[in-house]
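Only one structure is covered here, and it is reproduced in the block below.
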Amino acid sequence: MKETAPNPFINGLWRQNPTFVQILGMCPTLAITNSVQNAIAMGLATAFVLICSNGLIAAIRKHVPKQVRIATYIAIIATAVTVTDYLVKAISISVYKALGPFIPLIVANCLVLERAEGFAAKKPVIPSMMDGAGMGLGFAFGLTCLGTVREVLGAGTFLGIHLFGPNFEPWVLFLLPPGGFISLAIWLLIFASYRERKDRRERARAALLTIQPAEVQS
Amino acid sequence: MNESLGHIFVDAFLINNFVLCVFLGMCSFLGLSSKVSTAWRMGVSVIFVITVSAILSYGTNLILVAFHAEYLRLITYIVIIAATVQLTEMFIKKKSPELFRELGIYLPLITTNCAVLAVPLFQTARGYNLLQSTVFALAASGGYCMAMVLLALVRERTELSDVPSLARGTALTLVLASILSMAFMGFAGMGGGG
Amino acid sequence: MSGTTIIEVRTSPHLHGPMTVETIMRHVIYALLPIAAFFSWHFGLSAALLLAVTTAGCVLAEHTACRLSGKRSTVNDYSAAITGLLLGLTLPPGLPLWMAVVGCLVAILPGKLLFGGLGSNVFNPALVGRAFLQAAFPVAVTNYTPGLAANRFVEFIPSTWAVPLMKPAPLNDWLAKVAVDGFTGATPLAMQKFDHIYSELGPLLWGLGPGSLPGCLILLCGAYLVVRGMMDWRITASMIAGAAATGGIFHLVNPALYPDPVWVVFTGGLLLGATFMATDPVASPVTPRGMWIYGLLMGVLTVLIRNLGGLPEGVMYAILFGNALSPLIDRLTPPRPYGARKAQVPQ
Amino acid sequence: MTGATTKSAQMIRFLGFVSLLCGVLIVGAHITSQSRIRVNQEEILRESLAQLLPGMTRQVIYIVTPTGKLASAASGESGGKRIFAGFDAGGKFLGVVLEASERGYADVISAMYAYSPGSQTITGFSVLEMKETPGLGNKIGSDPDFLANFKALDTTHPVAAVKHGKKTNPWEIDAISGATISSRAVGRMLAASVQEMAPIIARHRDRIERGN
Amino acid sequence: MNFFGAERFFGPKRLWRGIHVPEHKEQTAHLPIRRLPFPPLLIVPLSQHAGKPAKAIVHEGQEVVRGEPIAEADGFMSVPMHAPATGRVERIAPAPSAKGELTPAIYIRPYPGASQEVLYGAEQNIDQMTPAQVVAAVQATGVVGLGGAAFPTHVKLKVPEGKKIDTVVVNGCECEPYLTTDHRVMVEYPRQVLHGARIAMRAVGAERAVVGVEDNKPDALAALRAANGDRPGILIEAVAAKYPQGAEKMLVKVLLGREIPAGGLPADVGLAVFNVATLAQIGELLPDRQGLIERVVTIAGPAVSKPGNYLIPLGTPLRWALEQAGCTDQAVSVVLGGPMMGAAVGSFDIPLTKGVTGVLVLAKGGAYGEAQVFPCIHCAACVNVCPLQLDPSHLGLLARKDRYEEMETVYHLNDCFECGCCSYVCPAHIPLVQYFRVAKQMNRERKARS
Amino acid sequence: MTEFLIAGGIMGAIGATLAAVLAFADKKLYVYEDPRIDEVEGLLPKANCGACGCAGCRAFAEKAVKGEIAPGKCTVNSAEGVAAVAALLQIDAGTEERRVARLACAGGPHVARHRALYIGLPTCRAAALVNGGAKGCSWGCLGLGDCERVCTFQAIHMSGHSLPVVNEPLCTACGDCVEVCPKQLFSLHAVSHRLWVACRNMADGAQAEADCEVACTACGRCAVDAPGGLIQIVNNLAVIDYGRNSLASPVPTQRCPTGAIVWFEKDQGPLRGPEAKRITRQSPLPVRAADLPTQRATSSYEGMHS
């Protein structure tokens, strides 16, 4: 563990991306990404919750007794989620319908509690909110990536716009549960191959730098 | 709707399996399924927590309805779950330190397992009575446990082979999960028309 | 020679039996060829082309993927060709070729190579490919054209040549031209399930229904492999038995709704599945008792899905489910080692 | 920071206080958003009714009591099946809209349909909620050919879905090819709903058409 | 094909699992046993048996007479050595062994023209001896299991405390391909075999003996039956030829329907099992109080020009034996023992010892390890043939991933007796037995460490 | 307003009840666990290598907190890490001298002969079970890299001459390679043990030299050149008494004719003396043609053992 404190915002957005690196908050990631629009909405809703809950928890972090820590965090998160729930309902019923039962489930989204415990419980309010924003947007980014694959292949559209003309044969699978798994697998494979290539380059460079103890000279 | 108990069970256990068809409890499904023993223990803990909290939430919901305070559902459910989990954790820690050593790290994760929260929410939305709720909770959590164990079994098998380094880890797990989920599509429509 | 002989040391045994993976796989292909020939004869040019494309597609996919990842190509073990042939045999003959190619890629890449190649895959690759296609293009994959069409050797089914990524053109005109009167595009199973119309059983034994394969021929080809000791008959037998028994029970309960056991066994993909796909050694248990349980389970599941589920055919899902369970079955049915029983001292 | 050092009373006070705060916050959000949500919901309802009954500007909602009586929704009665009667700008009765649901391929399909008590035909159909397979079963909500079945679907005979291209009678629904199961579910749903509701509507036809 | 094992109900008693291997016995089965001349230098290792090595009782430069003890047993789990030829002890020094390590040995240079006659020994009357005395007398002969394991025979003759042995099982199966030593011993020395069996019965207090002979050796069966006449107590039974019928666990199961418990001994089910050659040596040596100084070794294989059964003095260097039997220039590999279980040697300077049943010279082609190795395809061929009903398939997969402990605790690795059936049938040519040997060794070492 | 009251009431009640239950449970079910265990574990490298002799890092943390093991026993941890653990527990770090794995063989196939061709599993363990591994020298490295495979820290790599080379900075002295090598060629040594005999061959000089060109021929020169009994010849092999390591210097390597004794110079690896044979051969020696006694060969017995 390197202790260089990275910018919490960038950290969540990329380095510790919740979807692709931490593999957290998988339920909405897989369930709400069969269209880009839903993915973005869900991502933003989660980001909103994260910012609120991180901020609130950071604010009271010094007063929380250890035994009721989790219960307190959960209560605060649940409040933020309920508020979000009403907010979404008030803004657009159709978006609310698409997100279905998954808005209440943001409460149980591992990502939110993980950030509460892992960051907001230890850091001041502003960085915590930054972290919430970074993680939330990183999450939204992940969802959008996934939603793109699924919508483009599964329906031939992007944000509802037809890409391939009316004769496109949609790959229904991508809108179904297996498609969610596969799309995420595709993204992870892409990132893994990118990382592998980078690693290989770095290792090659490191090999040049380290002094190899010479084999018994002949 | 007046669904029969058998139907509720088959539906939540197979057809709309929480994990493979509805995407609930994903994080632990992907994260804790590398060993069968772990998956099984997590599955059983979840069955326990879900069933207890489903019954408790059923009662709570009655109170909330009586006070016309339905908007407090979410927060009360989750707080109940968190408390159930924490009590379970303390209890196991006291009574069986070995089991705690095995389960310790997973127990807190149950709080943030969407499947656990989804059960009370769904049962309320569908208007199940107490018996239906209990069956539903058992079926949903049993389905979770089954999916966990199935995935763990196939993952353990892949451990004996030479998976390309590229796919090792979550990507392979996801591919396995997607094939399992395709296999579960065969159950779709069971109990439906036809 | 004598002065330079290099002595070799190996571990025992110093002899080896005649069987190799490559011969087994080659003979499986031999056993599949008559079925492929029948398929091509029955449905004509399009079917033959479909089989050629799936076989070549799988082999090429494996070869290319191995090469790209810098490994020795593993197509010489013939297993990719089997995957291709079986995938082709489970698809409707008029399937657009581009979809068939997608199926090959899925079967070989995530279905096989991602797990580490031959022997490592948990699920039957051909069925992974087929399940993917069925879920991605459910209409195209269940759209059967009539067999024995008069012009089948001179004309392709138009949907075969659909433009990649695009829908195949509707077949109505073509069907009107070739079809025997009253052709609905439904397989005998679908007609039975949705309309409770039973096709005559006789032609089905010889695979003359739409979307059917010749049951008797498949059994013969399977018997060849069993006799050569290249295939385990226990899975096939128990799967057929499981399906027949379950089908029988359903039939007894409601003969009007559920077909009799012979019909259950000889329609749809059950025999092909039981003979060639459930027996895929890689994805099936190795213990003797495990094989029985595995087969029975898949047979029962096939009929349950057929009779209770939303789909007319359940073999594919049953086998995939069986594949998922086979590690568990292996674990629960270890052979009893010699001497594990308590000593029985006769004194 | 070990367990014994924290006073129980402190814990209780703290959690109680936080919960109280949360409760208050939630109620605040609930109350402030409630009116807006209700407006939204009504808007949606009107839109979907207007879709089924083109030209509709005003609706009256009735509730069928368990005893088979008709009550106005305004009377506070709740729990029974709802009947929406639609009227155009000129106050002319356009027909009623009914809700129905049935188990489809994947899960329950719930839908609304427009029914004309005069001609005893179904004149429109729209899906409220379903989990049918996208691209297949979910065409029951969007496929123009399928929706064309409901221009004037005869209900004097039990409604039923038949395979695509096999429709011969006015009470038959031409199924979507590849989604026969979902189409049949729609058929069953309508048949059952009409069988239940048509007599009630017939009984109270005058009142409904008057709109009070 | 095993159709429900139906074949078990027909013909002679038969092993259910196991395999049919081409026998190749025709090369030597008809050839009478011939003596091999003394080599210029004999190397007698002090450890030719399972158990503690013997202790040399001669010194460098000492003259020894053929048959004279040259090393004494070091405790009960040990046997003495006797001089295989009359000559002079040249030195006592480490010598290469079949295992690859150097082990202490007595080098004896026979006098040129030394006689093959054994002049050493004294008569003793076995009928007067108590079982304990028989055991001691057998130990003094230095006889160990000649079936391959070289386990000291007198240890087996001593009935463990609290056990009772009702039957002596005589193992005349010789199921390994190529080998015909037991076959020739039965044909040429049936009297000694039976005599040895009676001595063994006396020692363990058994009422009966059963001789199991594979039905591919009708002449051996006939010879034994003729020699036995109708004297009661010894039963001579044919069993169907199948590998590894000769393994004692298989033999007692097929002959008597008893299963030796895992990790147990034949004595646990009231049995003692001896190889025919072992008993023949006891029957031959015991009355004259002589020591084991030679044994019959089959020298055969595709690359041997003068195959046969040779009576070789123990300690004969492999090189000498091969020179006498002659190798063709096809030879690439030399194996001590049968092709299924024997060990390849990397040096010709090793001596032939009490446990060597055969020397095979294999030619290029047809040998194991030539074809491409594929991954395990889970074909279950190995599971179907494993005579001990293990799961070699999973064992092999686990071994590949170094999961040795699991192999032992879950998959009964230690029951495997390395018969090689699984490797033989594996279409993927996976060296299963080799994996298992490594795994067993790793487990042993791990246990020793902790 | 009633809504606010109701909500506040319900939530406050629920919160207080739960807190009460938890508080009660906390009293009844509390199990004391030293919080420092977690903190120590957090400071450990989590390699779970077992080099410290404990079953994993958690076990080490438990022992460390109980004072049963010194923080420095974790050789994998960085110096700062060790210091941090020590500071946390307010005890002495108890660092011991770093140890590394040393290989007692230098006979790659370019200098050491094989007497036969081994065909089988490409692991040293498996090869060693087949007639000792087909190498001429039965003590020598089989070169199939079991040690490279087991080293969790990638501290070993097989050189071009199929000999393992230890990358000392990476080696944590976990001992895995020591356990796996079938020829027991690895041992863990303090880095200050710089004089090293890279050979185990116990055959007499001539045989040793015939088997391997860099074998210790037991000529005894190093023993003579080393002060105070530092080196002795035991069983045809030079043996260093590390109890007298303070006497060690590169001197004993100077006259070694085969270069079997070497001096580890920091960052330069093992160095041979100037008298050591220069071996320029890169390719493997041919497997010694097996003089398999064929039919035509006359007795080749004479002189089999010199």
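By letter and in written order, the chains are A, B, C, D, E and F; residue numbering begins at 1 in each of them.
Assume contacts are C-beta pairs under 8 Å (C-beta built on N, C-alpha and C of every residue); 3 or more make two chains touch, one makes a residue touch a chain.
For clarity, every value in this text was computed on a predicted model and none was experimentally measured.
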What are the mutual neighbours of chain A and chain F in this structure? B, C, D
Where are there more C-beta contacts: B-E or D-F? D-F
Please flag the chain sitting at the greatest distance from chain F, going by CA centroids. D
Once you find the CA centre of chain A and the CA centre of chain D, what distance in Å lies between them? 35
Chain B and chain F, separation of their C-alpha mean positions in angstrom: 46
Mean-CA-position distance for chain D and chain B (Å): 31
Note the residues in chain B that touch 2 or more other chains, in rising order. 71-72, 75, 79, 83, 86, 160-162, 167, 171-172, 175, 179, 182, 184-185, 188-189, 191-194
Can you list every residue of chain A that touches 2 or more other chains, as numbers and ranges? 67-68, 71, 75, 78-79, 82, 172, 176, 178-179, 182, 185
Touching two or more other chains - residues of chain D: 1, 3, 11, 14-15, 18-19, 22-23, 26-27, 30, 105, 133, 135-136, 181
Touch-based graph of the chains, sorted into line, ring, star, complete or other: other
How do the chains pair up in terms of touching? List each pair. A-B, A-C, A-D, A-F, B-C, B-D, B-E, B-F, C-D, C-E, C-F, D-F, E-F
Which of the residues in chain D end up touching chain A in this complex? 1, 3, 6, 10-11, 14-15, 18-19, 22, 25-26, 29-30, 33, 36-37, 40-41, 43-44, 129, 133-136
Residue ranges of chain C in contact with chain B within the complex: 69, 110-111, 113-117, 119-120, 122-123, 128, 131-132, 135, 193-194, 301, 304-305, 308-311, 314, 316-318, 320-321, 323-325, 327-328, 331
Where on chain F does chain B make contact in their complex? 3, 6-7, 10-11, 14-15, 18, 21-22, 25-26, 28-31
Partner chain B, residues of chain D touching it in the complex: 19, 22-23, 26-27, 30, 101, 103-108, 181, 184-185, 188
Parts of chain B lying in touch with chain A, wherever the complex brings them together: 20-27, 29-31, 71, 74-75, 78-79, 82-83, 86, 108-109, 111-114, 116-118, 121-122, 125, 165-167, 169-172, 174-175, 177-179, 181-182, 184-185
